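Here subunit A shows up in two complexes: once beside subunit B, once beside subunit C.
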Partner chain A sequence: MGEFIQFTLNGLMAGAIYALIAVGIVSVFKATKVVNFAHGYIIMFGAYFYFTFSVIVPGAEWAPSWLQSWEPAWMVAMRADLPMFSPMGAVLDWLSNLPRILFGLAGAVICNALLGLAIERALMRPLIGQSTFAMIMITVGLISVLSGTKGLIWTADAEFVPHIAPNTPIRFTVFDTPVFLFGADLVNVAIALILFGAIVVMVRYTRGGVAIRATAEDQSTAYSMGISVPRVFSRAWVLAATTGAIAGAILATRNGVSPSLGLFGFSVLAIVLMGGLDSYVGVFIAALAVGFLEAMAQWQFGGEFAEVVPYIAVLIVILIRPHGLFGQKEVERI
Partner chain B sequence: MNQTRRTFLATGAAATAALGMPAILRAQPSEYVIGASLPLTGPFATAGQLVAPVFTMARQLINDEGGIAGTPIRFVTEDSGYIPQNALANYQRALATEGDALVAYFGDSTGFMKLVAPELTGDQARLMGSTSFASELANPATNPYQYLAGPTYQDQFDILLQNIKDQGGSSVAFIFSNTEFGRDPIEHGKMRAEELGIEVVLEETTKAQGADIPTHVTKLAQSGAEYAILQGYVTGVWPQLIGGARQFGLPTQFMGTFWGMEKLIADRVTEEAGPFLDGYQGVMPYRYFYDREDAPRYQTFAAMASEMFAGTPLENYMSTWALQTMCALDIAIKALRDTAEAGQELTADNLSAALSGISDWDTGGFFGGPVTMENNKIGTGRVYQYSAESRLFTPTSDWFTV
Partner chain C sequence: MITGNLKASYAADERVLDNGYKQGFVLAAAALCALMPFIANDYIILVASQMGIMLIAVVGVNVVIGYTGLLSLGHAAFMAIGAYSVPILHRAMAAAGLPDAIMPFIAIPGAIALSALVGIVVGLPSLRVKGLYLAVATLSANFIIIFLIELEALAPWTGGLVGLNTPDANLLGWELDTQREMFALIAALAFVTILAVQNLFRTRVGRAFIAIRERDYSAEILGISLLRYKLMSFAISAACCGLAGALFAYFYARILPEQFELALSLQLVAALIVGGMGRTMGPVFGVIIIVMVPEILKFTFGAIAGGAAEVAQLRAPIQEIIFGLLIIFFLLFEPMGINHLVDRGLRALNRWPFARG
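Up next is the complex of A and B:
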């Protein structure tokens, strides 16, 4: 039972991060009806921007030393008495890294926002009024462009980045089984849930959100009601890219920065289809379900099954409900 | 029959052609060519780019030593992107353009070595070393022209498990990537562990990149393994796994095999994430480059590198990956020279026979002592331990030969 709880918690934590990734796909789809196949690669760019601004730039010769490692005298004194890998040591490590963590997050969000804006202005806006299918194919092509560009800018090595929160180990016993959690993972989940909730609230209650929903319903009518549809498109892409930057940074802290981060987008695309392309609540439930199933498969059958079992569940759901758990059924009127 | 001038010339030309044909077909080229595919781009570009300069050094060194019985050598290196099909195309192109002058080839992966193996017949066969230590390749019956410049991954597991036994260990976890590279020694390792009375308490498969570190670490924690052997990684996953385990306070002793034993990676991890690789152990077939006192070959490399690569990181340190390539090239050159000095043609069959005949060979310090090529591999290695303070891997065992 203790092990079940352990892997349930692992799965739900992974699921929350999937939900944060999925929110970008849903936001773009809601506003533009475009399924963004390249979202995983936008996340990968977010991860590499975080790596650039939290590791490469602070490590440069010209960067101030406090950016790389902030170590006031009191911190040095405290650290001197601590054993290696102690919980307090983890907190002090985090404090010492805080300047570069904040710099990295700010850099990742700003650069990814600019990337999202550039994609929308250069590739999507010229196609407004054209077939949505053409826009979707652009996102497929974008995968190769982003993947190749990444290779030109950064190496293929798996790199370390600093955790966003103190990575203090948390241990407790349930039904005589020790349960282990990483402190940073709990904070990552909290960040993912807060961002997810904020976006849902924004779409539901703010003027910008209403504009997104109106545009999603009918672009021509939205235009005629005075909504700037191009601006809605831009907002949606910037929203997807910035949440993608945070998701990329979190993934990078958990698993290291590597080109494989781009592939997460495909896994999450399946989750989005399972939940319903235009339903935030649906993808949230689907993300947690897939995270849970992955963890259970990992626990019971090992890593190779963990990559297969959840997606069989996704297929079954889509076969029974082609529009996903909470997706709106399209009504075609002739 | 009257012998006219015309018939005389025709007969003479035919006779000359008949007598001279073998010499023309097997004419000694002005220089021999050794081809190579390297992953200069793609997931292992870092390794490929560290290995590439070795070929410049090797050409100068081998030619200064007299080439192959007086004939100089030249290398033809191309990028494969770590895609076996690209490497195969590179090999076929080298065969087409260089012909008989191409006497050996260096491959970049297990995938390529397995892909090319069925093609190595007749005129298409060449002596072939590579970056791979795949156990399947160490079989002269099925892969007569391919060799390993060290022990197989199975041998490396044997060395590590023996070391665990010698240290009094009783439980081990195998954590490996879901690749051919990762799975290679696992079944063999389980059998060997059972023979040694070591319990395998966890077999954990991970992604080769971007693995879910917290989940794998929790499984390791719950297994209670005293030792964990990591297999099938190069620059990623293994440091993150060890980092996660250390942050949890797990006492597990981590061990790796050749591709997880590079000082440059360990140093970089220590620089970026702290000293948690301190105490990490693993098997290495070769001496590290800084261990040059009893290695005259390394001293030669060092003298050349300080001149050829002045101002670059290669000036003072050759990576283990570069040493593996250099060792593979030295083995090929040894087989080529032995064959040429015996007055035989440098055909793949003759070179394969010379390869099998390498016995008690002093490599100049790559290994702990003279080595013998058995089953197209050199089954030697020893266990090293990393110190985050000194930033060095230092030996913790004698040399094992398996």
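Up next is the complex of A and C:
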């Protein structure tokens, strides 16, 4: 029972991060009707940008020393009289890393936003009104371009990156069995949930969000009602790229930085289709469900089975409900 | 100068090679392939064999994407099925005591049949979904099949992560143990495949595929059974990929599961887009480009760097970028591929000097 709770919690935490990644794909689809196969590689870029700005740049010779490790006198004094492995010690470690964490996050978000803008402007805008096939295949071509560019810029892999939050282990007992969590994971989940919620609220209630929904409904009508459709497009791409940057930073702290982060995008694509391409609620439920199922597969059968869970799940769901759990059925005219 | 399509008989109208350019090109290509094993050096044979294997697979992809209009991103999985069938069937036949000399005659059709069977299973979602959903469904199928091949429990048959050693083909006592001899087989089968697929589209089945591509509901109203023809399309295209996979297994000494991952599926689709979808010659042009790009890069890098390690390691990423840019460039500027460029060139040549283009 205790193991079950432990794996359920792990799965739900992974699911929350899936949801944060999925929100990028859904937002782009809602606004532009393009399904971004390359989203995983945009996330990978986010992770590498975070790595650059939180590890490589602070480690450079010309960087100020407080960026590498910020240690004012009071912190040194406080740390001196702490016992080993105390939660306070983890918080202090995090505090001394805080400047470079913030710098890394800011750098990742800004660089990724520029990347998203560039992709939208150069590749997506010329294709407005083209067939779905062309749009999908352009993002497939983008996969190769992004993964090759990564190979040119960053040759080092799988390095340590600082956690976003203090990584204190948290222990508690449920039904007489101990459950074990990390503080950083909880904060990651909180960030993912807050961002997800904020975007849903934004799309529902703000002017920009209404513009996105109007464009999703009918592009030419939206255009004639005074909504700048190209601006909606670029806004959606920036939104996807920035959430991707934060998701990338979180994934980097969990699994290290490596090109395999790009493959993550495909499993998230499966989750998005499972939930229904244009439904935030459906995608959220699907993300948590897949996270949970992956954890169960890992518990019962071993780690390598967890990788195929999203793909098997999406095949089953698509066969039963072709438009996903909560997706809107497309009406086709002949 | 051609002033019109002046055909005097139905036989002339029904010919596959209905003008001089096509006849000239096909005869020249056939002559070149026939001469190649005798005159070409080992390197050219290697590249040409790679092209032949890719070509058979891309012709298969063309059936499903180009002619039937079903977007599939999982065709590398069918190649994997074809490739893995060969050593497994060989082992089974050796256990049954069959002589080596007839094994390929059972193993190659076996590989094709198995791939076609898996193709039908993978094609099942195409009855419910299309477009993007089908792309993701086939992509998922690719991941799942590679996962099954790598699975620890099946490792006694598939070799798991480390792959399998593959046997040499032995055609009635003629052992194809050099790449030169394999090339002869690959070239012959590539010609047969292209001819078979080209002819398929002059039959009822092929026309049904094209009707489904244009509008599936309309095709259904015309009395075309979507169930039957969509699955048939998947089966035929998977069979071609299975043949390519079987030749792949005979050609190389060892096969690894990672050779058949998503990257290969994307390469097949990239070749099709670059060459031109839904045309017989599209795969030929596309495969030439896709196989030549890495080789040209290898030469350029060899000339520039001359063996410097830090420059040489830039080659793989640059090759990836060029693949991606090729897809993007052709989709944005020439969606009908090189085939269309060639068509335009030939047309201009025909009408010169009275008109251009």
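Please note the rule applied: the second predicted complex is superposed on the first by the 324 of 334 C-alpha atoms of A that agree within 3 Å, B and C clash if a C-alpha of one lies under 4 Å from a C-alpha of the other, contacts with A are read in each partner's own complex, and residues count from 1 in each chain.
Everything that follows uses one rule, which is that a residue touches a chain if its C-beta (ideal position, glycine included) is under 8 Å from a C-beta of that chain, and two chains touch if they have at least 3 such contacts.
As the structure is a computational prediction, the values presented were derived from the model and not from experiment.
In the superposed pair of complexes, A:Thr149 makes contact with subunit C only, with no contact to subunit B. Touch criterion met: A:Leu123 reaches subunit C, while subunit B stays clear of it. By the touch criterion defined above, A:Lys30 lies against neither subunit B nor subunit C after alignment on the C-alpha atoms of chain A.
With both structures placed on the common chain, the touch criterion links A:Leu319 to subunit C but leaves subunit B unconnected.
Contacts of A:Glu304 after superposition: both subunit B and subunit C are touched.
Once the two complexes are overlaid on the shared chain, A:Val140 sits against subunit C while remaining clear of subunit B. When both complexes are overlaid on chain A, the residue A:Thr132 reaches subunit C alone and has no touch with subunit B.
Of the two partner chains placed by the overlay, neither subunit B nor subunit C lies in contact with A:Arg235. Of the two partner chains placed around the shared chain by superposition, neither subunit B nor subunit C is touched by A:His39. Residues 151, 155, 304, 307 of subunit A are contacted both by subunit B in one complex and by subunit C in the other.
Note for the complex: subunit B touches subunit A at residues 41-46, 178, 203-219, 221-222, 235-237, 239-240, 243-244, 246-249, 269, 272-276.
Within the complex formed with subunit A, the subunit C residues making contact are 71, 73, 124-125, 128-129, 131-133, 135-137, 139-141, 143-144, 147, 150-152, 215, 217-218, 262, 266, 269-270, 273, 313-314, 316-328, 331-332, 335. Subunit A makes touch with subunit B in their complex at residues 3, 6-7, 10, 13-14, 55, 84-85, 90, 93, 151, 155-160, 167, 169, 171, 177-178, 180-182, 185, 251, 254-256, 258-261, 263-264, 294-295, 298-299, 302-304, 307.
Residues of subunit A that touch subunit C in their complex: 35, 123, 126-127, 132-134, 136-138, 140-152, 155, 266, 269-270, 273, 304, 307-308, 310-312, 314-315, 318-319, 322-323, 332, 334.
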